[in-house]
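This structure is in structure tokens; I'll ask about it shortly.
We just call them A, B, C, D, E and F in the order they show up, numbering each chain from 1.
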Amino acid sequence: MRIAVCPGSFDPVTYGHLDIVRRGAKIFDKVIIAVLTNDKKQPLFTKEERLALLREVTADISNVEVDAFDGLLIDYMRKRQAKVLLKGLRAVSDFEYEMQMASINRKLDEEVETLFMMTNNQYSYLSSSIVKEVAKYKGPVHDLVPPQVEQALRDKLAR
Amino acid sequence: MRIAVCPGSFDPVTYGHLDIVRRGAKIFDKVIIAVLTNDKKQPLFTKEERLALLREVTADISNVEVDAFDGLLIDYMRKRQAKVLLKGLRAVSDFEYEMQMASINRKLDEEVETLFMMTNNQYSYLSSSIVKEVAKYKGPVHDLVPPQVEQALRDKLAR
Amino acid sequence: MRIAVCPGSFDPVTYGHLDIVRRGAKIFDKVIIAVLTNDKKQPLFTKEERLALLREVTADISNVEVDAFDGLLIDYMRKRQAKVLLKGLRAVSDFEYEMQMASINRKLDEEVETLFMMTNNQYSYLSSSIVKEVAKYKGPVHDLVPPQVEQALRDKLAR
Amino acid sequence: MRIAVCPGSFDPVTYGHLDIVRRGAKIFDKVIIAVLTNDKKQPLFTKEERLALLREVTADISNVEVDAFDGLLIDYMRKRQAKVLLKGLRAVSDFEYEMQMASINRKLDEEVETLFMMTNNQYSYLSSSIVKEVAKYKGPVHDLVPPQVEQALRDKLAR
Amino acid sequence: MRIAVCPGSFDPVTYGHLDIVRRGAKIFDKVIIAVLTNDKKQPLFTKEERLALLREVTADISNVEVDAFDGLLIDYMRKRQAKVLLKGLRAVSDFEYEMQMASINRKLDEEVETLFMMTNNQYSYLSSSIVKEVAKYKGPVHDLVPPQVEQALRDKLAR
Amino acid sequence: MRIAVCPGSFDPVTYGHLDIVRRGAKIFDKVIIAVLTNDKKQPLFTKEERLALLREVTADISNVEVDAFDGLLIDYMRKRQAKVLLKGLRAVSDFEYEMQMASINRKLDEEVETLFMMTNNQYSYLSSSIVKEVAKYKGPVHDLVPPQVEQALRDKLAR
């Protein structure tokens, strides 16, 4: 079975993330969305909230699993017997950072292969940070995130 | 009337910013310098100091207005009936970030158009951060900022 | 009157070009599409064909003019009393080349200002070369160029 | 069966190409190396020579097939029932071009997905052009291409 | 005597840094490794620890000196009568930042020249941050840093 | 003696080239300007004309030598006992190409080190191609090339 891991903070998940996951799920037997929980930045949504939102918005894709991890990604992949790391690329700045990460990961484990997909043009500007920025000032986010995430942002920021 | 908005932190204004404003003022009927006041970073100069310095150094350009805003830039532009967002581009890294911002702004309001000007070569290395770094260690900044800003930096950093 | 010039080979005009022209025509009093006729590369369409196609596909925009030029662009702009050069930016590689051209043009005439617009995301991959490549192998181009251009490509390549 | 296509000119095949093919062959059921034969540039090696060299140097990888194609890549992939286009990325300039190609290919056929692998650091400088340039002046190419290709270059350039 | 200065945080020194220093020491009469001590970021290793590690790992290169500085680099260089600033370049993002810094340094002192070396391909992904990240989760760092640094990381992170 | 080689086509030499040579001549004992004569592109100026112009415009720098070479640069450097290859960097696109060339040259000869200088901001847009393009249409080139080159361009293009 070919398992691909899509790691990230998903704080919150956007239509850009979903596009990569959906396309990945057509190519691999299973896609594991792995939520990084030891990120230095203070997230807007808790680990549990992020996992719940991801599960809701991917409920219709049968071969997607949502999980959390901390520590080295490469150790998590070994544990899950996944050989493919699947990442979306939006821009040149993504590209250089991801190139560094792919190199270090290959150094740590030769068996792990990083594969990149170009983000769909219509989401190339999209990031979780931009979504939070727009939502904070009550701008419209319905084209950027699924309805459940839109609602969660509204609830979270109303407090 | 064609109104262009130049948004930024201007902490403090440099000759690089002034160059863009001056060139923009030749093309548009009015240029509004819009000082972003909800920036996460703690500024060196207060909102009032930044506005005062900007007004002083643009006093000789009749069609420039200095203003402050917070919230979404797109909301500010609607309020001011401005259709053009005018930005300076210095480098590839600027370019990608600005491309993202221009895309999200078009998504939020189709009527707003972002126009970019290349920063004059002689200011391509210049940023407010570099000015503050040089000033902090008493390096010369007279080629980087107008005299009023040079004095303000000296006063601020002497404290 | 504020006149903007959009220079290019337009061999042939694509939806990407049209998007820039249309958006420019909302900001400036007049947009002149200036077809470069001294290009070194052998074009697929003659100068006359390119001008005719451009005129057809911009017929509904009242403040657009289609013209041809050869020699230095800066001389053409002086002759037409245009102060603004309007260019679309798609990618980092565009950016660097255009930055060089904007610098040399400012060196040749300080009065001419180059303004850049980001190409709409949905056309960011689009170029005249790609259109010709796809058409050559009878791939579908109806999403890439207006119907008149699609027909012209078919006629031209059938010969 | 998951089939990936690796298209290119392979004029001649280098260790950089082989690295991508070998890593791809671990992830996909079959990798088809598709030699583009309608390239505008005059190749150094004929189509037959390029196919023969590729077959020799991939003889030890059981799930690799070597083939030639002309026309639109997307048509070739449909014919071969391949859904994955596998490309190596070396540098930012590769990245932008490949991003354009991936976009146009998705436009032409939504079912085809382009996946990118980062070229191994030790081959990041390597291209068929550089190999031919070095070989032309009798520089050493044994670290750049397999022995069969080295010999073929020597024979070809001795004429 | 031609003196080159290699400035940086060296928190901690990696094989990437050592590669640049070693190659620089072949070209210049003396290379001074200048540890920046007024960095805003909280370092993992104290100034004294960083200096000690650098001295240990460069002990075999006779014309290398290890020193600390704070304030403007340009002032430090004048004090040390060094005319050359030697920097490693790994990626496009490095390149743009370093281009800015080289420009501002030339502005501050025309006599100082910044020279860049490309980082060896095998270290192009390597940074002190990545080393600390890997070490924090007990990943292997022996290919990334000298043995003394590996031991120091283990001691520091065990606490 | 530390010898640096500045290779290029110099068709013709510009103020940008001269800036790099002049700055290099302050750092190294000797700078050899090495005119590449086996370039595929048909040059505007003959090898002899390019050498003569370079000699004229560098006549005031005592430690500069002008020479021609063909074949592999690395072989030329061995013959001249030069260990340093000195290149100017203008932009990201230069950077990637030069990074490739520096890697291949290190592969061919570990003793040769490539050092890069950032082109002065005021010449960052300047290239021999742009100079020829401007001169061809009788645009002013006196800010771009020395007077001797300006005259040579006028003579050459008048024919």
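The rule we apply is simple: a contact is a pair of C-beta atoms (placed from the backbone, for glycine too) under 8 Å apart; a residue touches a chain by one contact, two chains touch by 3 or more.
Nothing here was measured: the structure is a model prediction, and the numbers come from that model.
**Student:** Would you identify the chain whose Cα-based centre sits farthest away from the centre of subunit E?
**Tutor:** Between subunit E and the rest, the longest centre separation is with C.
**Student:** Please identify which of A-E, A-C or B-C repeats the interface of B-E; the criterion is that more than half of the contact pairs agree.
**Tutor:** Looking at which residue pairs coincide with B-E, the repeat is A-E.
**Student:** Quick check on subunit A against subunit B: do more than half of the interface residue numbers occur in both copies, making it same, or fewer, making it different?
**Tutor:** Answer different: the two copies use largely distinct residue numbers here.
**Student:** Counting C-beta pairs in contact, which chain pair has more, A-C or B-C?
**Tutor:** More C-beta contacts join the chains of B-C.
**Student:** How big is the gap, in whole Å, between where the Cα atoms of subunit C centre and where those of subunit D centre?
**Tutor:** Centre separation, subunit C to subunit D: 34 Å.
**Student:** Using CA atom averages as chain centres, what separation in Å is found between subunit D and subunit E?
**Tutor:** Once rounded, the distance between the two centres reads 38 Å.
**Student:** Mark out which residues of subunit B touch at least two other chains, giving numbers and ranges.
**Tutor:** 92-93, 96, 99, 102-103, 121, 124-125 - these are the residues of subunit B that touch more than one other chain.
**Student:** So which chains end up touching which?
**Tutor:** A-B, A-C, A-D, A-E, B-C, B-E, B-F, C-D, C-F, D-E, D-F, E-F
**Student:** Which residues, counting only subunit C, touch subunit B once they are in their complex?
**Tutor:** These residues of subunit C touch subunit B: 2, 23, 26-27, 83-84, 89, 92, 95-96, 98-99, 102-103, 106, 113-118, 120-121.
**Student:** Spell out the part of subunit D that touches subunit F in their complex, as residue ranges.
**Tutor:** 91-93, 124-127, 130, 134, 137-140, 143-144
**Student:** So in the complex, the part of subunit B that touches subunit A is made up of which residues?
**Tutor:** Listed in rising order, the residues of subunit B that touch subunit A are 71-72, 74-75, 92-93, 96, 99-104, 107-108.
**Student:** How about subunit A: which of its residues touch subunit C in the complex?
**Tutor:** 92, 121-122, 124-125
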